[in-house]
Amino acid sequence: MPSTIYDVTTWTIPSAPTVTAFTDIGAVINSIIADIKTNQPSQASKPGAVIYIPPGDYSLKTRAVIDISYLQIKGSGHGFTSSSIRYNAGNTSSWWEIFPGGSRIRVENTDGNAEAFLIQRSGSPRLSSIEFIDFCLDGVSFTPNQNSYTNGKIGIRSTTDTDSVRIAGMGMVYLQRGLVITGADALAVTNNFIAECGSCIELVGSGQASLVSGNLIGAGPTGFSIFAEGHFGLLISGNNVFPRGKSSVHLKNCSNNNITGNRLHSFFAGMVTTDGACDNNLISGNHFLRNRESFPPFQGVPAPQDDLFGLIHVRGSGNTIVGNHFSFDVPPANVLPSGATPTMVLVKSGSNNYLAMNHHAANVGVRSAVLDGSTTNTKVLDSGTAAEFQALGAATYGFRATP
Amino acid sequence: MPSTIYDVTTWTIPSAPTVTAFTDIGAVINSIIADIKTNQPSQASKPGAVIYIPPGDYSLKTRAVIDISYLQIKGSGHGFTSSSIRYNAGNTSSWWEIFPGGSRIRVENTDGNAEAFLIQRSGSPRLSSIEFIDFCLDGVSFTPNQNSYTNGKIGIRSTTDTDSVRIAGMGMVYLQRGLVITGADALAVTNNFIAECGSCIELVGSGQASLVSGNLIGAGPTGFSIFAEGHFGLLISGNNVFPRGKSSVHLKNCSNNNITGNRLHSFFAGMVTTDGACDNNLISGNHFLRNRESFPPFQGVPAPQDDLFGLIHVRGSGNTIVGNHFSFDVPPANVLPSGATPTMVLVKSGSNNYLAMNHHAANVGVRSAVLDGSTTNTKVLDSGTAAEFQALGAATYGFRATP
Amino acid sequence: MPSTIYDVTTWTIPSAPTVTAFTDIGAVINSIIADIKTNQPSQASKPGAVIYIPPGDYSLKTRAVIDISYLQIKGSGHGFTSSSIRYNAGNTSSWWEIFPGGSRIRVENTDGNAEAFLIQRSGSPRLSSIEFIDFCLDGVSFTPNQNSYTNGKIGIRSTTDTDSVRIAGMGMVYLQRGLVITGADALAVTNNFIAECGSCIELVGSGQASLVSGNLIGAGPTGFSIFAEGHFGLLISGNNVFPRGKSSVHLKNCSNNNITGNRLHSFFAGMVTTDGACDNNLISGNHFLRNRESFPPFQGVPAPQDDLFGLIHVRGSGNTIVGNHFSFDVPPANVLPSGATPTMVLVKSGSNNYLAMNHHAANVGVRSAVLDGSTTNTKVLDSGTAAEFQALGAATYGFRATP
């Protein structure tokens, strides 16, 4: 049987023997995938392969296209280091090292494509069980403004439906978009380090029964740390989401999902934003910390939402928001709009939303819950004083102040 | 020193050199284990070994018996794909592939045994630190009825006590029983994909201090997704349990366990079932979705319990059920018994059970909590209206309606 | 390009060719690190390497010093077995094996140092993305008293700041201190088995945005299972912490952290202890079990705190303690001080602490919450009867008894 174990450093592209993984790892991987296909001609036996990326500095000039199931691409190190600190540090000539490392792919497409990896196949079945494990995708720079979070680069994108894909232990840094997955079923995005990317995790189109757990994540100020669209059965838990994304978790037209046990830190309101029609979601046991941007290069970035938007912004019905903690610590002069009373939870639309036993600790007076005049039958229990609660217009609700 | 690294594709069984991993990986693994023993004769130094299974299609005809500690069996891909969709898809001649893949073992015992892997050793100490990592156990078919979930096959079974076993990143599919562990101590079942099995995870006999976390799981309609018997200190968290098991989590005679932060989806009542005497368990921060089977081949399967059984069915005392969300969305014509008002939580026995701050969103009128007449001193707080609460017979309780 | 993949069993130290990984794996690793540096002279390309430790019994005589980023040290098995059971078992001559295994390093320094691994580098940037994966650090014995948990040995210690370090899948046993990390940023300590160590996980100095998740942990009676100092944004979740540590989680001067969804079991009060000024932490969805030491050799160990200390001991302000379960099952004769009413949550200092929906099941009468006379504006809701609540002196509070 031919081997199913490939090492990018020892593969030679038959048609281009001078290309190496160090000069174009994308071309090497595409050539390996072609070889895998040659070796599994039987419809009944296509077990895939593993492509190993040893620690090293690789350049990707050609997009790698994955159109086979059961391919595991694996490195030996997520290799994250902060490029943001480095680019803002001034003279780094005495530094021990200046770039990320591990099994590191510099995303440097010269093929006109944005993606380092594209997952795409038409026909049936959906691609299944593709795995990205323990290597680094580094966009290298946001030239010319290293604080812009824009360079057009995407780490991994899928454009057709997939099943049981696994993204684990990866590092992604200085990409405009880290991970963009379309039509996920039973996707697992776990234990990754995805930070200093414009947006980190975007689950677009639709999806179901997926996990985003145990990740260390932090997007840029105009991007998403975790975004999901049209998903149900998504479990977002155990993540440590640090700034500076415009939100920590953003759900769009997502019902019956779970945001539980995360640690969320942001410089803006809208930390958990629901958008469109988002019904029957559970938001429980999360720690929210909203304070002011501490890194001078970013202190001038305008807030994407003001402080009346809510640390949690709810659109939709039947959502359950319980057992969360809110820390709010923003200098009064930086509250927006000036002089406003910041909102912890804003129920913007819908009925039968349920808020209970959420507690806040704030350096200024806040509203623990605000109900839009369009909302009906909201419950707000033990989540603050009567003075901290505000029901606008014709809102209907049950309210019990914290004794 | 002899190598402790084995590759199933390069091993030759001394007594049967024509057998390969492709023809009988079980016989190969048994031969490797015999070699490991030969190489570690000292009681004071038996570090075990790693057996590597590269991506490939392997057949297991002979049960592999693990009777040494510190054996890691590792592949490079869980290889899940839906066999259920495929077998119900009609003509699949144009499909790219039709079977699971990765490091895939077809469980095809011809030795009269049910198990692919048996963990068993008498004497002291218990077997410790056996690890199954990142490969696929595929039962291939449920002949003659591919929707029967019965073929007598078991993926991994232990019959003697173990300590610190780890099952991680595995794929299991089309087995009647995926994982059956007896007498577990400090077991970790994490990040696996175990679906389309009759039952998925069964922890039997007794056990303690174990983890079932971060798994994607879904059993057949007569089986268990997660079952535990006689366990204490079991932490079931962060799992995404999809249909169609007869329950999502079933505890039998289990006290002092934790079911927290899971996403549970079922087509039946009894999503969390406690059975026998189950005391002092915590069920918190879980999302429950109960709707109707959507896949036509299974719509005729009879419900194992009617809708009065409770999405959570409590037997025992001192249990804490807080901060859960229930979505109930079943066409009224499909509610059982006909015309019944479905129950979210049924407290069937015991005293000092505590339900608080559980919220539901339902398409029909429901009972948020029902107390059997035998129950005493139950607390039901902020979990629905007075009309949604029902205390039968001589039940004693404290109740506070959601305002 | 030189290889970045090293195997400790095949490396020869140029200056000491007779030393092997079996005689001194620390010296071998130091020699490998020197070689890695030789091979990455460019500041712009220092991707690191992977050092592989196959299953085997290795001795470490010389401390390994890690002063490069992106180094992954990886084995094939955490190899935990209980040495405590073995040392207390009497005659073990008939046992199958008597020591831990897997990729096992016996920590046997003869160099005068305490640590097996030291992470240390001055200058900029901080060391990043060092990874310890899936091997065993075994202190071998606590001579002369195997139940003393003292031998001066430390598994892994860092003394300078680090970023994005990962400790995953490790086993540690019979070390006085398992893991000691100074100045962590975005550290991930996940899926480890660290038990029968004096202390298990100590995050000292300060730190931020880190994860301690999915671990199986249990310290000795005078040590810490999980200790953190000066941290914010630490997420401690999904851990199974078993006895016999003097606490399960100990926070010192830590604000804005999350202790969620853990299973905690202890033989002492002070299971979650906050110490110094600990503000705005969330403690939710945890299962606490406090019962009596069951292992005869340890039943005489004096309790580090009496039962008035609280299973949760709170110092600081703005903390949120919601949705936890407490099981208390201690023979009345063993409650300390004799005849005392044990305390579930003691609020010892601070203001604006919030306790709600915590439930207990106890074999004796308990206080569900006690407020020190110095505390102000505490809230205690639905966490027990009026008789179970005690506010001392001038404490101010809001209280609502469970109905």
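Observations on the structure shown:
Going by the order they are written in, the chains are A, B and C; count residues from 1 in each one.
By our rule, contacts are C-beta pairs under 8 Å (C-beta built on N, C-alpha and C of every residue); 3 or more make two chains touch, one makes a residue touch a chain.
These are the chains along with the protein names UniProt gives them: A, B, C = NosD domain-containing protein.
What you see is a predicted model, and the numbers here were worked out from it, not measured in a lab.
Path length between subunit A and subunit C in the chain contact graph, taken as the least number of steps between touching chains: 1.
Fitting subunit B to subunit C on CA positions gives a rotation angle of 120°, reported to the nearest 5. The centroid of the Cα atoms in subunit A and the matching centroid in subunit B are 29 Å apart. In subunit A, 214, 237-238, 260-261, 284-285, 322-323, 357 are the positions where the chain touches two or more neighbouring chains simultaneously. Considering their complex, residues 9, 22, 54-57, 76-82, 85-86, 89, 92-104, 171, 191, 193, 195, 214, 216, 237-240, 242, 260-263, 265, 284-287, 289, 322-325, 327, 357, 359, 361, 382, 402-403 of subunit B touch subunit A.
Within the complex formed with subunit C, the subunit B residues making contact are 1, 3-5, 43-50, 68-72, 74, 121, 123-125, 128-129, 131, 163-164, 166, 168, 186, 188, 190, 209-211, 213-214, 232-235, 237-238, 256-258, 260-261, 279-282, 284-285, 317-318, 320, 322-323, 352, 354, 356-357, 379, 381, 398-400.
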